[in-house]
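Labels for the chains are A, B, C, D, E and F, by order of writing; each one numbers its residues from 1.
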Amino acid sequence: MDPVVLFFLLGVAARLAKSDLKLPEALYETLSIYLLLAIGLKGGVELASQPLLQVAPQAFGVIIMGCALPLLAFPILRRLGGLSQANAASIAGHYGSVSVVTFAVASAYLSKSGIIFESYIPLFVALLEVPGIVVGILLARMNQNRDISWGALAHEIFLGKSVVLLGGGLLIGWACGAQGINPMRGLFFDLFKGVLALFLLEMGLVAASRIADLRRAGTFLLGFGIIVPILFAMIGVGVGRAIGLSVGGTALMGALAASASYIAAPAAMRIAIPEANPTLSIGAALGITFPFNITLGIPLYLHFATWLEQVLPR
Amino acid sequence: MDPVVLFFLLGVAARLAKSDLKLPEALYETLSIYLLLAIGLKGGVELASQPLLQVAPQAFGVIIMGCALPLLAFPILRRLGGLSQANAASIAGHYGSVSVVTFAVASAYLSKSGIIFESYIPLFVALLEVPGIVVGILLARMNQNRDISWGALAHEIFLGKSVVLLGGGLLIGWACGAQGINPMRGLFFDLFKGVLALFLLEMGLVAASRIADLRRAGTFLLGFGIIVPILFAMIGVGVGRAIGLSVGGTALMGALAASASYIAAPAAMRIAIPEANPTLSIGAALGITFPFNITLGIPLYLHFATWLEQVLPR
Amino acid sequence: MDPVVLFFLLGVAARLAKSDLKLPEALYETLSIYLLLAIGLKGGVELASQPLLQVAPQAFGVIIMGCALPLLAFPILRRLGGLSQANAASIAGHYGSVSVVTFAVASAYLSKSGIIFESYIPLFVALLEVPGIVVGILLARMNQNRDISWGALAHEIFLGKSVVLLGGGLLIGWACGAQGINPMRGLFFDLFKGVLALFLLEMGLVAASRIADLRRAGTFLLGFGIIVPILFAMIGVGVGRAIGLSVGGTALMGALAASASYIAAPAAMRIAIPEANPTLSIGAALGITFPFNITLGIPLYLHFATWLEQVLPR
Amino acid sequence: MQTFDKKILVIIGESALEKFLVRDIKPFGAHGYTVMDVRGGGEHGTREADWEGNRSIRMEVICTTDVAERIAEHVLNKYCANFSVTMFLADVSVLRPEKF
Amino acid sequence: MQTFDKKILVIIGESALEKFLVRDIKPFGAHGYTVMDVRGGGEHGTREADWEGNRSIRMEVICTTDVAERIAEHVLNKYCANFSVTMFLADVSVLRPEKF
Amino acid sequence: MQTFDKKILVIIGESALEKFLVRDIKPFGAHGYTVMDVRGGGEHGTREADWEGNRSIRMEVICTTDVAERIAEHVLNKYCANFSVTMFLADVSVLRPEKF
């Protein structure tokens, strides 16, 4: 298992054992700012050496997927889960969007396994953050005569911390290219894996408490938080293959589809769908899906990708 | 444009777009502590390999300049700006002192342009922080029978964060030399450029709000914040040349003269000249001069230096 | 003198001079989390390449020492110091446990002096944290009919920040081995020395204020805080030699025995022996012993080790 | 020393509300506000500030009884249904009545 | 607007007490609490929060007079002998009495 | 439970004032103080604590009415002309009157 995952488990164990271990708020904040910027920069640098015209159609396919996923999750949550429209829509939005850290762990896993992938995929991460959230909000507003102040919402969604940092990093990386960013490698690239480990330690502490919250919230979401990501991963793998990504890239698309946002979506949903109970969406996304993905999910999604490659060679 | 400047612009853009992006206070604090220490260490290490007797006269010239600049700024602020004695004196003090980060951006710009400079110049940065502030305070107290408690003031000025860290770093670097500091390169040297970028992101957020403050404060300072730095840069370039610095060093002297302090001076002035309105001094220093210097100013000051070299070869 | 120690002295000087310099709480917290994890990881990685069966008996000897030291300190504090049972027991516990940063400075000193040592000694650091504290608590409860809630205490002691991070780091490092940890070297190994320096700067600020506290608390502890560490160092050196460590390892055992805990012990003692006055234990541990050890103590303890090697060759 | 009676309204709630509260109070006649970061627990469970969604703030507004009550009512109606919010009012006295 | 009288109990003390206070207050009938990190000084010297052992917290509990007094007495007896603690009570009025 | 009436003086202002306030209050007879970092807005604009010059603190001092008023007057005269400061007083009751 990748060492970074062990840091996550250390955090979970410490929390479940009621350890006093607590990372300062400012550190959590700093680590997530760093990860968003670093991933953006890395992707931007790679993008700079890509013919945009080749990436554009892929990006388009990715966005389509981002819009479709919540539409699939919503009925499941509504019918099977019997959740209110607001809660179903909010959770659908979380799962329609993506988790940047899950992506980071997945890339680390692939690199460790010596599997190459399209290095500009962080672009897709940035593109996948927003559509799921927007669709989730629309689902919440569906057949309600209350109208939406799209201005305020767009602000919440596009100017949230994660979009600004990931997008900003992408732009700067793309504008400066590998050589321009080079003097910053020391901070943004060489430390990446270690910072990821530290952040996962914190995430372990956080996730462990979220599970506790969720237990009170009933068992449906426990199943949802594991089964739906697997289904979404299959879709993601299919899309990845359809847009012509390598096996590695296809696996990453699976991980992205399977992941649920815990930075951009919660912030936006709290404002856009206040009547939704955040304990449910966060409990599922952080308490169930995130741990499942970084431990068992990612290897599984790689299997999907390799399997697809075998049954359906190019 | 140097990538670090793009981080600054990202911060400005995020703030103007009213993004929620906000770096934790503790991170801002940490980054500035790091930058002050790292610049000090670097300068100290270089100083260790210099004959002090050769540097001493240069240092003397530099201090003279630090005392002269506020004396030039004061009448401009008083006469043309029609500012109160306290405000004029305080602003003069800010512009008499220097901005460590402007210096860092300038050195980065020179290195990027492949222009060498005297690597012990951080010593001059440390030396330039204090005199401008002291003269500014004297200007405020001029023809007032109220006497000054120099003890308390000296404490404020010499024991402030920036003087202690920059000076302390210089001493430690000088005492240990390159070899002694070597095991710390990883933190203090290899990460420098990246930390600078992160700090500039934060500075962008801060500067953008300062401009808003300043707009309320009238238009004179907008002009002052751009024209005076250019004039000061010419003086700085002249002094740099006079004390026999290389073209690169001369350009750095220009940037230092043009820069306005936003750490040491604001803290000291708030205590020493409380009747001065900090919105004005900070608005000009952070909102106008800092952005101007790191974007357009520094390249311009390098032109001054190269031009002087041509018209007046050694 | 090692540069990191100069950072400590800079902090002390800044504080004694009443400088405004203040590191953010979150930074202090972050640096100590980093150091505990990094030391643990480093030790774990080394441990992974050791035959555990050879280390086990050494570990056993180390634990015995950890239990013995407070039993020696207690009567000195009680008889000579005339301290209350609670205070004597608490202080004995602090000195029975160890200071992770003192260990880090000692290893840095040895590396700088080109003296090799058993690289898995961080294991002993982790093992030495707890026994001293437990014995200290028992000494406080001795001949008191009030019974101890060991459950709660065990929780305080074993789930405190430092044990969890140091132990967790050891486990992860041991589980992943050098190769697994390699991608994290950038953060956890390459930055170590610099982070240690930054932390010592903060420790200097803290220690300087502790001395002030202590001065009010009488002079006995001033002597205790220097003489007892020297005595303990001799014991530590003896134990180190007895369990067959190299000269370097023996010197480190001396430094560990001489060091007093200022993270694990204060937290545990405050809960377990609330009637003890923390000003005394912390004043001695942080205000006297820590500064003495990292400046004069460590070189002295190395002398002990080399001397022992000469008079008693293997 | 002459002092003047005012009210202090304290609003404790999710950090997400901060910018909205800052925006909302002015129109009711509040001249200022003070915010601090807090953690806590109540009917909606514990909010330990261990990640973004879990942070809380405490805002205090010194103003006239009338303004305080109108803000309180506004917050009650607009936010308390969907957000974790605790409010209370208390009597305070100030030296510069025109300031509040 | 109808308001209801309650008490606020404020406990300022060493951070080490936080988890014990959170645990202790519930049985006395407190429905919630708010905690913030503070620094300060008093009889036991200054606590500047410059390292672990030196941090302080400020907890406020809004509750009935009876609950407030019983918690205060408990804290006084259990912690004030050995820990740096400051407590005070004040009158507050709330809109939702059932909440406290 | 017997309680004793005291005053609490709350001073909200620029962080630069902290060390001066800590120094100034003792001579007036304050036995202690508590400080926390805050942000806020008022006549002098918003202070968002986004950099050094923009930080604010909130100090509370529990003491006798007399001491509170004398400190308040001192702060008003010495600092309010040039610094962003907000002050208010409130009634509190304590268990250990000798402490304040």
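Here, a residue touches a chain if its C-beta (ideal position, glycine included) is under 8 Å from a C-beta of that chain, and two chains touch if they have at least 3 such contacts.
The structure displayed is predicted, hence computed values, not measured ones.
Any chain touching chain B that also touches chain F would appear here, but none does. Think of each touching pair as a link: the shortest run of links from chain E to chain F has 1 of them. Centroid analysis (C-alpha atoms only) places A farthest from chain F.
Across B-C and C-E, it is B-C that has more C-beta pairs touching.
Homomeric contact chain D/chain F: same residue numbering on both sides for under half of the interface positions. A centroid comparison over C-alpha atoms places C as the chain most distant from chain D. Distance between chain A and chain C, defined via averaged C-alpha coordinates, is recorded as 41 Å.
Once the centre of each chain is set as its mean CA position, chain A and chain D turn out to be 34 Å apart.
Each of residues 20, 22-26, 190-191, 267 in chain A touches at least two other chains. Chain contacts: chain F has residues 36-37, 90-91 touching two or more partner chains.
Across the whole structure, chains are in contact as follows: A-B, A-C, A-D, B-C, B-F, C-E, D-E, D-F, E-F. Within the complex formed with chain A, the residues of chain C that make contact are 24-26, 29-30, 33-34, 37, 155, 159-161, 164-165, 168, 171-172, 175-176, 180-181, 183-188, 190-191, 267. Considering their complex, residues 1, 3, 6, 8, 22, 31-36, 62, 90-96, 99 of chain E touch chain D. Across the complex, chain B meets chain F through its residues 22, 25, 28, 202, 205-206, 209, 213, 262-263, 266-267, 270-271, 274-275, 278-279, 282. Taken together, the chain D residues at the contact with chain A in this complex read 14, 16, 37, 45, 48-55, 79, 81-83. Residues 2-4, 6-7, 10, 14, 17-27, 108, 190-195, 197-198, 201 of chain B touch chain A in their complex.
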